[in-house]
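Shown next, in structure tokens, is the structure this report addresses.
Naming follows writing order (A, B, C, D, E and F), and every chain is counted from residue 1.
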Amino acid sequence: MQRRKKILVVNPNSNPQVTRNLTEALQPICFDGGPEIECVTMAEGPFGVETQADLESATMPLRRLVAADNSADAFVIACYSDPGLHVCREATQRPVFGIAESGVLTALARGDRFGVIAVAQRSISRHVRYLRQMNLMDRFVGERPLDMSVAEAAAGDSTLARMIEVGRVLKDQDGANVVVMGCAGMSRHRAALEDALGVPVIDPTQAAVAMAVGTVMFQ
Amino acid sequence: MQRRKKILVVNPNSNPQVTRNLTEALQPICFDGGPEIECVTMAEGPFGVETQADLESATMPLRRLVAADNSADAFVIACYSDPGLHVCREATQRPVFGIAESGVLTALARGDRFGVIAVAQRSISRHVRYLRQMNLMDRFVGERPLDMSVAEAAAGDSTLARMIEVGRVLKDQDGANVVVMGCAGMSRHRAALEDALGVPVIDPTQAAVAMAVGTVMFQ
Amino acid sequence: MQRRKKILVVNPNSNPQVTRNLTEALQPICFDGGPEIECVTMAEGPFGVETQADLESATMPLRRLVAADNSADAFVIACYSDPGLHVCREATQRPVFGIAESGVLTALARGDRFGVIAVAQRSISRHVRYLRQMNLMDRFVGERPLDMSVAEAAAGDSTLARMIEVGRVLKDQDGANVVVMGCAGMSRHRAALEDALGVPVIDPTQAAVAMAVGTVMFQ
Amino acid sequence: MQRRKKILVVNPNSNPQVTRNLTEALQPICFDGGPEIECVTMAEGPFGVETQADLESATMPLRRLVAADNSADAFVIACYSDPGLHVCREATQRPVFGIAESGVLTALARGDRFGVIAVAQRSISRHVRYLRQMNLMDRFVGERPLDMSVAEAAAGDSTLARMIEVGRVLKDQDGANVVVMGCAGMSRHRAALEDALGVPVIDPTQAAVAMAVGTVMFQ
Amino acid sequence: MQRRKKILVVNPNSNPQVTRNLTEALQPICFDGGPEIECVTMAEGPFGVETQADLESATMPLRRLVAADNSADAFVIACYSDPGLHVCREATQRPVFGIAESGVLTALARGDRFGVIAVAQRSISRHVRYLRQMNLMDRFVGERPLDMSVAEAAAGDSTLARMIEVGRVLKDQDGANVVVMGCAGMSRHRAALEDALGVPVIDPTQAAVAMAVGTVMFQ
Amino acid sequence: MQRRKKILVVNPNSNPQVTRNLTEALQPICFDGGPEIECVTMAEGPFGVETQADLESATMPLRRLVAADNSADAFVIACYSDPGLHVCREATQRPVFGIAESGVLTALARGDRFGVIAVAQRSISRHVRYLRQMNLMDRFVGERPLDMSVAEAAAGDSTLARMIEVGRVLKDQDGANVVVMGCAGMSRHRAALEDALGVPVIDPTQAAVAMAVGTVMFQ
């Protein structure tokens, strides 16, 4: 009998609350007979990924984590900057998904033109540079910030209201007909945001895990 | 208690053998507690989709099928030309996935440059036009034909050997590091082809259904 | 002695008034010694092409019309969504022109950056998808709607005034230095709109027929 | 009564034989009731346009010719490098067509991917730079030279045979499904080349004049 | 002993004051042991390059100047329209730099997205066409005019204030994080403009001369 | 009196021989009165940068080096993978140049289409991903490997012969008219390679340092 497949979802920051939120957000795709989905905190990571330095400081620890793991059939790096994606892919033959990449690609299956909600302004140049690297700019209408810290966005009661506000500008002014939540920690607002905006809203972690489920189950 | 989610996979051609193959190919992603995945044959469809006329003759029947359905939470159009994708999306608020679109997007999460194996030469211009429409040409290295009829490709013992041969040209000569099988009916060769080529091979139907599973389970 | 060349201009909707307008709009290019230019109504077509479903419902009848015709040396499909263009090209060796394609290409010979006046907002996504398919987005500044029904646009006295208003936004705000009228039924306003805007205005049917005249006369 | 429209076709080189050939090549589109089509030699031009210096030396004389003319309703610059196109457009409100621009745009209405037959290798970089300037590279498969002088190409009996040879490489190896003749002096081989290749062949002068006819007749 | 290298900076207009300003602007890169940098006025040039005709009238004199020169190891054409760049490159094996090309390329080494300050509105279409020719549009956010004549811009006290105003729109509204001064005559404002804007400001002549210095010294 | 400007060239690998070679290669641009150009070895770096892991392991040490430095007016990261470029730019207001970026941009000022000589095959995907990130692919004809280790390439007598061989394929087969040496350690072959190929050859370190000289001297 074949052993159960496993997907390892790595939170590259050292904040365990984010990991608990990921676990909860992924519950709906945990099936009997489906792959095990385990979310782990990377203890060596920065407390949050806000700057380029945060991102870079996570890459080599991620590589070590992936190289040392013997249990997973696929990996998901659960940070919207996809830290270490290519160095992890170099370190293993097993599939490694970045949530930014998977989130944007899934958005392109749901709408013609996508917009992104960022937490903070200063991430946007980095995200756009990454969209250029993936050659996925042609149907991108723009990225707009909540102008909140990651901590505020995670905790605050006003987060959803602000996301709706930003999402409406992406939709009505920039012309997005699908919106990507540009952060690993916004999952619980996805459904409400989609209802409010009237266009599909993509949670990138869920998108990456769905791709990973397909990949490991069809192997 | 919430009713079970359902994904309707529509084979737009009228060949029930293709539908049976689809059902079998999708078995690994049918979970207890997961969505029901039902494959149906579109009786009004052409026997196979080889020409532009075959494709066009399937579009309005697909729209009617989608518009008339009350049971599905998401649809998958299981033909690598994505017939009727936009007219079906116009006909329903529920997500509609085309396997070419989903297959190519999933390939972009697995490799830098993708190649496509077509069944027949004459489909390639149509497929490329569609890649242009999706703006997904920048990382496309080429599409190469098996030079078999859809029927031969489905039946023949030599299909896998020919797929490996074509896949190797895409990889070694064109520079693909991920290969998309450009047909709904090649699923059973995916794993063997991937082993032979040493790069990820994407079955587009499986890719689309994985995206659909994620979409309906996280709603 | 060589027989007279003939161009068949097909109105893919079933509204004969549109066909009569086409006939009138094309009068200036009907020469003694030039090709016969015949405009026909496609009886099986939708009454107007506003939705994706309207477009799709016209494709197979267009193919049949083209395949059955023995008289024409070239065809023009006179609807700004170019329904059935590729399936008609598959059905005949004779040249088939779509007015959207010909109109945009002709615009690119008259100015650096083109804008499009659409009749209705909901056509714009479809038109833009088509511009992407043709890879002609790089010099496109935008498409803006009259926000009128096709019927209103055809009949209303205020149509020209509204076209001038929309054209000015395309020119002054979006930076167009040539404007395409994104509908087969606006021909009679071309000259007045061009005078008002001070930049070339392209009637797509006239553009397509001019290309067709060149093609058949130089054969 | 309206005066007869006139199109002035300027041969920017000083070789009157080329002008005579243009006149002959354009005969089929000279109609009673259509515009007068007059071909003129630019006496101040270089004897042929082979180098960048030839091209540049033609621009200011072309501007003077256009600015001084009071008779034409539209101009066609009949050299495949489109010398002086923008400076002539600056000098007059009347439409000015360049045969390279018009030829390529017309090709895009006849096939998905175009190739170009150049006379000489050294023109190709210049032509490609111009395609980039027009943003029309995405469907370009390549340009290949006859490796003949303009004089040889104009005179030689073997020109057609060599054009067929080069055209076949563009079609079979590069994937062109439409071919542009990249020179003003190849018109008389158009039909034979098209027959031999089995794909549309565009003579750029004829393409530009057809656009010009449409433009002036619909004014 | 090796003779001293020399860079010839050609002011393609006939205004000697512009040449004197260039000489002064380049003083900081004139080193003992470095190449000689000589700025010359092209007497046959237009008094300023504002129109396409001005540009075209400079091309052949530039070619003659370059072809006749026996002293320089590299040339810099010091006009932001890069007149005659390709014809000069055809005329010599020695490197020829255009300041627009060098300025934009250098900007791309300093920021993700560049904007350009033009002197006059009517130059912008020409500059953009040239950016397209160089295929350097993807990171271009826009070009905005001072709406001054070249003479005013050169002389006026209010020039810097107006440059800051325009630069702020490029930065804050268009998203530029590097700004190119789109004229050869703005050098003396570079440092002050950079201080005021808080993003790098590129003087194109200085950028081109720095490239030329590297090229000749490393030969 | 103003203090002398200084450019710090960082060799991100820990091999001091490479640093000595850089110092020697940059000698021609060290002028009295020009900026001091100091080459340093990053002791914490990998011995060479061949893999993605090598690159990633250099990023944070580079950031620390840049952040700790008080002496330099500009930095050059002397590795053709531009490790840590963006994290260093985040760490300082002073200009930071990456040699890959500067080398490719300088190549675009010397030829229409550039090719790259890589040391090893496995670097090419990484380099191409980076070209995509910079949006500089449109004039890229390809990158071809020497198929040598960095050590062999640095030491071997046959390196130049192999570079000429690869460069000729880039030129004759791929169509490059300028070639970039895709490694920091090839400088001493630049002139000989250029002579052999007959097209400009860009040493990326020299290109970056020339840009840096211009930047600091014109401040």
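Brief remarks follow.
Basically, a contact is a pair of C-beta atoms (placed from the backbone, for glycine too) under 8 Å apart; a residue touches a chain by one contact, two chains touch by 3 or more.
The structure presented is a predicted model; accordingly, all values stated were derived computationally and were not measured.
Common neighbours of chain B and chain C under the contact rule above are A, D. A centroid comparison over C-alpha atoms places A as the chain most distant from chain D. Because chain C and chain D carry the same sequence, their contact can be compared by residue number, and over half of the numbers here are used by both.
The chain with its C-alpha centre at the largest distance from the centre of chain F is C. Put simply, the C-alpha centre of chain D and that of chain F have 44 angstrom between them. For the pair chain D and chain E, the distance between mean C-alpha positions equals 34 Å. Chain B has residues 129, 132, 134-135, 138 in contact with two or more other chains.
Interfaces, counted as pairs of touching chains, are A-B, A-C, A-E, A-F, B-C, B-D, B-F, C-D, C-E, D-E, D-F, E-F.
Residues of chain C that touch chain D in their complex: 28-29, 31-34, 95, 97, 101-102, 105-106, 108-110, 134-136, 138-139, 190-191, 200, 203, 206-207, 209-211, 213-215, 217-219.
The residues of chain D lying in touch with chain B in their complex are 112, 138, 177.
Of all residues in chain A, those touching chain F in their complex are 51-53, 55-57, 59-60, 63, 84, 86-87, 89-91, 126, 129-130, 132-135. Listed in rising order, the residues of chain B touching chain D in the complex are 125, 128-129, 132, 137.
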